[in-house]
């Protein structure tokens, strides 16, 4: 459903992506791994419309798309958990989760917010993720893991066809990691495609069907999970093994 | 901890002074304001006379409507320096149109000319706001420089429009115009105060009970996050700048009605006072924080200082110094809050 | 004998011109004994602030008001309100003729402008091009002076350069810069006529500017005819840094304002228009004024 | 990619236009400035005459020194609205002391009275800066409100000190004073320009080659991080505000020397022009970005616009409008940079 | 060397720490674990002088200390890697590493920066950490893992006696994780005390001698690593087991 055709991205002298091509099938869970600075987040940001490729193009569900803004990506059904979380610190967790898709009721021509309904739904989502996060706390006052839980909870509301998760489990605690992985399983069962970026080898091997490895902007491997091993992937990431 | 809520054993009950209005900067500045009023009342017997109170109410309504608008802009993390000029240009346009239609027969019904004149004035303001908003949102220019530019452009246009002379409202609708701007409701409440209250209420509802208000706060808190999560950032910003200019324009029209004149230098340098009022009332220039009640409290404080010093017959050369001191003192009060809430 | 509190409201307190009015009014109040002079106005020139201050003074219950009108129509509204409250109101320096003020004390600004023009004609009848420097673009009295100058010079050999008058916003540094700009933009400029004393309030800035064309100024190729006769200006004139000055009498305005308000309070009738007159100063008579 | 460096195979060589000055906002504004100069030169044959160029140089030096100071404050993420007032108060104090010492025999050596007078003026400025810095750094007040307060306080003091009249420098040292402020080096270069160049150089060195400069940038980039990593945040901030006030005070003294007068309304409303110059030159009000060269370029641009419009004999009523338009256009040029650098 | 005596910390209605007492011996490596929002970062911030305890006090090297600012903590020899990294985005990696302890040379009375020396030393530190981070890049333009590498590299320069690391390995890639763990070993060998906060069970069990578990602001366990197991710690974190 998503295909990269020779995509490159330069930032001044830095070549963050170099001629990357791959494709993802509907309902697939693909792991994206690579060293720090390998270009994983840049790749995600190209799909979600933040960056434009310097060269190459991508197709989504068969048609060549020019994703020129995050709003456009959302319209296509692409939802993203960003590595830097993208939260408005001065709002509550519930407000962040519902940002851009608030629940409202009508009073004549006006549409007012359903505060209670949103808080209740947000609290439900956190309970589902087994996260110790309070829906009506300001995000500014939250711990690192609570912030990440807010970012993950957002995706639960979206009606997405492709979900990109950029290190969603970096800051969260053991028990929520398991919840996130089971969430990914459920998404897959619902036919939603997931691209998971993570530095945690066990997580990737637990949920992904295929793993793509990046090194210094190049794709160095693209293998079904069954045909590779953590050791091989580590070697690919560090550059000990050149390609596979 | 006996009193926990919502199943979190480490969360107690929030004390009443730790939440809502009482925990806000506005509340502390309001306290400072009350102290000031008491002091002034002792310093000058004229201070609390009905006549003076009604003067104060009218005077602060003059800048308070514009302050509401600027507060919106500040919440998004922007700034609008062009409000003073916009007040002048809107007032000028309204007066010119009103006078221009005096002879013409366009006015289909009584007050028709006035309606057209006010619409023309507000349309001008909206155009200025659109220009600001477009430059800031779409061209991504710095709001400070952009609106400093429009400050100059718009003031220049007010001079050009009247060849420096300014305009004054005339024509058959003039009395209606005066009644609608300088009049008093039930012979008591200045009508500008009524407008202020209605607009403040609308702003409160819009900010806290609509999705649009959420988006305004979100943009101020983290614009990038807003953009990434589907908030129509550019549209919201443009609307905010337009509302700000409209508020300023409306404010300018009211002042010109009260003055019976729209001089081209009307409201010169008001922008700093207006922004100061917003900031004193709790708006944060870094974005994401602010509200209608704070804006009004800030305006009242500034007007009480000004009026009080005149009534207390302080040497005019010292007045300016004292105004500055009291402004700083008022925000200093807010430090108490941070100390108390840790 | 009853005591009275009279307020003098200038256009802007940051203008040294009004300091002289204040001094006159204070001095006269002291002489009279039963009168107190309150000097209060907006710091910067702005009509709505002035109106608010007048309202405050009405609330304070002053007995009389002398206002230098910032904007005619705006002042008319508040003046009428003050008169309704039974306060004696006059205007000084700048008038609001349609209001219910009892009298105007001050200069006839049109005449003032005409006097400047006539002095220029006297100093340099052969004509040329001239440029004016004004203060705030919105000040009606300055606009009248500009008109006066134009009227006096209409039909003569003098023509105004484009871009004149420049508006210095009462900023004296800017006024000197504009004098230099006018001369640079029009190298063959024959005269500079500031309709207020601003550039000469910066004595060394003005000297500095004139020194660049000292020969032209000495030969009257560049004539300098300036409004106002403050002491600095008289000194500059005596040093040859100007050819003519036309001055108002701000100090006298303060004195006469007090007298007029007191007369009104005492029920006497006063003239509606009281001109305080103009002083024409050139190199010949400058010494009289310097003392 | 053949040309890689430092062992990173995904890093190419940085093109010359992608780094340093050429990639900065200042460079693009400089380009806009050059275009403007060319246009003006065609519009008015007198624009490039030596006399006019030297006028322009002198005029922008008058605000440029204060702009250097304000740029420092802006880099730390603050703002200083009190510069205009500080210019006036310093100039007033210097003039008063100089005149006061005219008769006295304190002056131990020639120029001694002048030295004392200038020191008094600068000490006043430093005191204002210390008050600002203390309020912002220690009391954690908003820089906008604090300096708006001092704007009013300091201006009031200038009025009080002279009873509204302003002061004139007089006394035996007056000639020396004039030579040191309004003189020309080698009869050609305005001495104020020489001061400007020396100070700009010092500022460049301090910002980019000392630990103090690093700390100034770090505070602007992330104040909390600076605090956590041992940067003496409060001390640096206080020093920055003091330097800003000192620069403004020095600037005020120079202007008053050139004018031969220190009117109490000297430099009224200059703060907005000065801040605009800093922002046009690339300083970012959000903090962390700015520099000496940009500040100067911003000042030159503003002065060239002002001077050019007068020389081009534009209708004065339109001038204000055009100034605003050109300011906006100048920052618009900077958008080109963002487009090019992606 | 560091002792907590009944330390509590309230934020308004939230009790982030509740009567926490423990002590750490010189040269010890202690792991601090707990669910998101358990109060780990709050504890770290109390030691490093950002927050003051609401109740209780702490002693450092035997004497009761009132650590009222980060500068004070540094003077005592306490160095911290913060979870939110505390980097100045507008400076380069090298500038951030040397912030507050710049290398200088004297020219008369003036002291100028040694740019090259700092860049070179920073590049060395990154090489040591095997991180793909360039010393003269702006931190603003860096990937999440590169930023974390910068924060970790800072501690290498300090002459600290106690190092607090708040999730230092959250965003970094497999191979640098190994480097950070070996760094901790080296610190220990040099007699430096380390408190490591992490959600990665294997890491904690690999380097720590003792593990302290927090739950909703309370200390629920404090055990030598040999006497516990990942399963027990997980149970303590999630609250399945109340205390140990």
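A, B, C, D and E are the chain letters, set down in written order, and residue numbers restart from 1 in every chain.
Just so we're on the same page, a residue touches a chain if its C-beta (ideal position, glycine included) is under 8 Å from a C-beta of that chain, and two chains touch if they have at least 3 such contacts.
Note that the structure is a prediction, hence the values are computed from the model and not measured.
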Quiz item: If you take the chains that touch subunit B and keep only those that also touch subunit E, what is left?
Solution: A, D
Self-check item: Required steps from subunit B to subunit C (each step between touching chains, minimum)
Solution: 1
Practice problem: Could you work out which chain's C-alpha centre is the most distant one from the centre of subunit E? | Solution: C
Practice problem: Give the rotation angle, in degrees and rounded to the nearest 5, that superposes the C-alpha atoms of subunit B onto those of its identical copy subunit D. | Solution: 180
Practice problem: State the pair with the higher C-beta contact count; candidates are D-E and C-D. | Solution: C-D
Quiz prompt | Intercentroid distance (Cα basis), subunit C paired with subunit A, Å | solution = 72
Exercise. Determine the centre-to-centre distance between subunit C and subunit D, using the mean Cα coordinates as centres, and give it in whole Å.
Key: 33
Quiz item: Taking each chain's centre as its mean C-alpha position, how far apart are subunit A and subunit E in Å?
Solution: 28
Practice problem: Would you mind listing the residues of subunit C that make contact with two or more other chains? | Solution: 13, 43-44, 137
Exercise. Would you give the residues of subunit B that are in contact with at least 2 other chains, written as numbers and ranges?
Key: 8, 11, 159, 164, 269, 317, 320
Exercise. For subunit A, write out the residues touching at least two other chains, lowest number first.
Key: 11, 14, 132, 216
Self-check item: Complex contacts: residues of subunit D adjacent to subunit B
Solution: 81, 135, 139-142, 144-146, 148-157, 159-160, 163-164, 269, 272, 275-276, 279-280, 284-286, 317-325, 327-328, 331-332, 335, 338
Quiz item: Which residues of subunit A touch subunit B in the complex?
Solution: 48, 50, 69-71, 74, 80, 82, 85-91, 95-96, 99-102, 104, 110-113, 115, 123, 132, 134, 154
Quiz item: For the complex, which residues does subunit D have touching subunit E?
Solution: 6, 8, 11, 205, 209-211, 214-215, 217-218, 220-222, 224-232, 288-289
Quiz item: In the complex formed with subunit B, which residues of subunit C make contact?
Solution: 13, 38-41, 43-48, 51-53, 55-57, 59-61, 70-74, 76-78, 136-138, 140, 143
Quiz item: In the complex formed with subunit A, which residues of subunit E make contact?
Solution: 11, 14, 34-38, 40-41, 83-84, 130-133, 137, 141-146, 148-149, 167, 170-177, 199-201, 216, 234, 237-238
